[in-house]
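Take a look at this one; I'll ask things after.
Going by the order they are written in, the chains are A, B, C and D; count residues from 1 in each one.
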Amino acid sequence: MSAAVSAALVVAAFVLFACILAGMWRAIAGPSVEDRLTAFVLLGAGGAALFIVLAAISGLPALRDVAIVVIGLATIVAVVFTRRSVR
Amino acid sequence: MTVVAFSDVDVLDILVVLAVAVTAVLAVVIPRRVSATIAFLVFGLLLALLWARVAAPDVAIAEAALGGGVAGALLVDALHRRQPDSPQRSRRRTATVTAVGAVLGAVTVAALVTVLSRLTAEPADLGPLALEAVERSGVSHPITAVLLNFRNLDTLLEIAVVVFAAVGAAALSRDRIRPVSDPGPVRRVIAVVIVPALVLLAGWLLVAGTSEPGGAFQAGAVLGAALIIAHLCGVHAARAEGRRALAIVVTGLVAFIMLGAIGLAATGTWLALDLDWAFAAILAIETLLTVSIGMALAMLFLAAGSRDEGSVTDARARAAAAGGAP
Amino acid sequence: MVIVDIVVIVLLAVGVMFVVAGTVGLLRFPDLASRLHAVSKADVLGLGFIATALAIHILATEPGWAAVGVVAKLALIWILALIGTAANAHLMAGSRRRAEAERGTEA
Amino acid sequence: MTTLQLFLYAGAFILVLGVVATMLVRDLIRRLIALNVASGGVMLLLLALADRGDGEPDPVPQALVLTGIVVMAAVTGIAIVLARRVERLDDDLEEVEP
């Protein structure tokens, strides 16, 4: 791995992590429950991106499995929360 | 006291630990259930990240699968319940209790830190011993070897806990979450695409567990989440309730006990595995455990699901239904 | 080799930029619908660019069947993200719309 | 401060935070969340200890934590069922004697 690419990967990991933390603001500020849950659910995409970047940096291929689990289960919060509005 | 210096610590490690600590405080301090639950869900995601940093990808997969899956579903579902008003107590008494708790907590943390600072950075003896014995376990992934060969009594008892929790929850709760009759197009897509993908993922995690991170717990957690999603998206075949589900849940525990008896008959030691058939036995018992854990977790969710008559949302929904609104 | 590196870095930068744009939208947009619009599209597009960058990177550095497996996993992640995020946005928006309709009938 | 110490101290803090909150918080769901936070602290302690040294991480604490996570999910489920019954009982009592 060339130095430039590994540096870019590290920078990308930091920025993605910052995005996840920034998204928490919406989870706390709301105002509605949907807003808060949307913030968490859509952190799934950012979280998956962070995990695949970390897999490339750290040489732990299992982190890609973590990313698949995170993104695959991202729907469960929305499905459970909205189950009452289906009749 | 010396100035704290982070000379040889990765900056990302510091940031992740800080974020984990902050979300932990938020999850505990915020008075509204909704915000506390969201903070806890984010805490879970960050914990998975932290487990990746301490070289524990197995635990990271399990954390992502349970924290973001079944446990997240349980807590999010409880959001629909009306939060009971906190009992009126004098503000002064609350402040006193909180202050006493904070002081005692600070003292405990100081004591723990003092003890922990004496720890050497040398690894314990047990780890190398376990790593060395992996080749005699039948599988090549050390954690699976520990869970299903060296310390499989722990795993047996853990399965017993999960089975009893599922049976107990089903017995305690009178009503179950009903399956959705008309799921609508979005849920139908989820049922057709996401659910099979999750079941496939559970299978992959199960098989991968013999040689790399993964195994019955992670696969069971993903399968449980898949069953919950399927149930809420109108897949009737996947109902995790009634006698059939109970039989599947108990099968895992019974099979594990039988494996112990086979070990006793074949090798003279309870739960021991012979290297000749250890791989086959581990894979077989893991498959049963995956199904059993997944079904047990889904049963827990269906029993814990609230259909509270007193809840605001339900009252509103009933009023809307009575008024003929969609 | 150098060209591959440049391609990887550029794709990575574009992907991260989209994720940042989605996050800014989540924080700055005024209501749920526009926040959903910003995040469900931009974040997933960003994830796609990042996954493409990592796929090219792994194919260039460690060619072989293992790399093909990694690329398949990255593709699976992106497909799951496309479907899952779209479904989430629909469910959340629908839930909010119904809640508002009910509030309307009550008033 | 080394990475090990950073993780250990953070684990101790999160553990005590969760335990204290479990005892002080009155709302049952929030108390359950506090208990889960405490378990996160314990897991951080164990996993940081497992990752001591330069070699491969110690698989025994990692297996322990894996068991703990699954047990914690089961505990959370049954605690939510119990919390629901307790709350319904409280509501009934309030109706009888307002």
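The rule is simple: a residue touches a chain if its C-beta (ideal position, glycine included) is under 8 Å from a C-beta of that chain, and two chains touch if they have at least 3 such contacts.
This is a predicted model, so every value here is computed, not measured.
Novice: What pair of chains is linked by the most C-beta contacts?
Specialist: Pair with the most C-beta pairs in contact: B-D.
Novice: If you average the Cα atoms of subunit C and of subunit D to get two centres, how far apart are those centres in Å?
Specialist: From the centre of subunit C to the centre of subunit D is 31 Å.
Novice: Between subunit B and subunit D, tell me the centre distance in angstrom, where each centre is the average of that chain's C-alpha atoms.
Specialist: About 11 Å separates the centre of subunit B from that of subunit D.
Novice: Would you kindly tell me how far, in whole Å, the mean C-alpha position of subunit D lies from that of subunit A?
Specialist: 23
Novice: Taking each chain's centre as the mean of its CA atoms, how far is subunit A from subunit C in angstrom?
Specialist: Subunit A and subunit C have C-alpha centres separated by 9 Å.
Novice: Check each residue of subunit B and list the ones that touch at least two other chains.
Specialist: Residues 55, 58, 187, 190, 194, 197, 317 of subunit B touch two or more partner chains.
Novice: Can you tell me which residues of subunit A touch two or more of the remaining chains?
Specialist: 37, 39, 44, 61, 65, 68, 72, 74-75, 77, 79, 81
Novice: For subunit C, which residues are shared contacts with two or more other chains?
Specialist: If we look for residues of subunit C contacting two or more partner chains, we find 76, 80, 84, 87, 91, 94, 98.
Novice: Which chains touch which?
Specialist: Result for touching pairs of chains: A-B, A-C, B-C, B-D.
Novice: With touch defined as at the start, can you tell me which subunit B residues reach subunit C in the complex?
Specialist: 186-187, 189-190, 193-194, 197, 316-317, 319-320, 323, 325-326
Novice: In the complex of these two chains, what residues of subunit B are touching subunit A?
Specialist: Result: residues 12, 15-16, 19, 23, 26, 30, 34-35, 38-39, 41-42, 45-46, 48-49, 52, 55, 57-58, 60-61, 64-65, 68-69, 72-73, 76-77, 79-80, 177, 180-184, 187, 190, 194, 197-198, 201, 205, 208, 212-214, 218, 222, 225, 228-229, 232-233, 313-314, 317, 321 of subunit B touch subunit A.
Novice: Within the complex, which stretch of subunit B touches subunit D?
Specialist: So the residues of subunit B in touch with subunit D come to 4-6, 8-10, 13-14, 17, 20-21, 24-25, 27-29, 31, 33, 36-37, 40, 43, 47, 50-51, 54-56, 58-59, 62-63, 66, 70-71, 74-75, 78, 81, 83-84, 86-87, 97-98, 101-102, 104-105, 108-109, 112-113, 116-117, 119-124, 126-128, 130-131, 142-143, 145-147, 151, 154-155, 158, 161-162, 165-166, 168-169, 172-173, 215, 217, 220-221, 293, 296-297, 300-301, 303-304, 306, 308, 310.
Novice: Please output the residues of subunit A touching subunit C within their complex, sorted ascending.
Specialist: Going by the criterion above, the answer is residues 1-2, 4-5, 8-9, 12, 15-16, 19, 22-23, 25-26, 32, 34-35, 37-39, 41-42, 44-46, 48-49, 52-53, 56, 61, 64-65, 67-68, 71-72, 74-75, 77-79, 81-82, 85.
Novice: Can you list the residues on subunit A that touch subunit B in the complex?
Specialist: Contacts found on subunit A: 10, 13-14, 17, 20-21, 24, 27-28, 30, 33, 36-37, 39-40, 43-44, 47, 50-51, 54, 58, 60-63, 65-66, 68-70, 72-77, 79-81, 83-84, 86-87.
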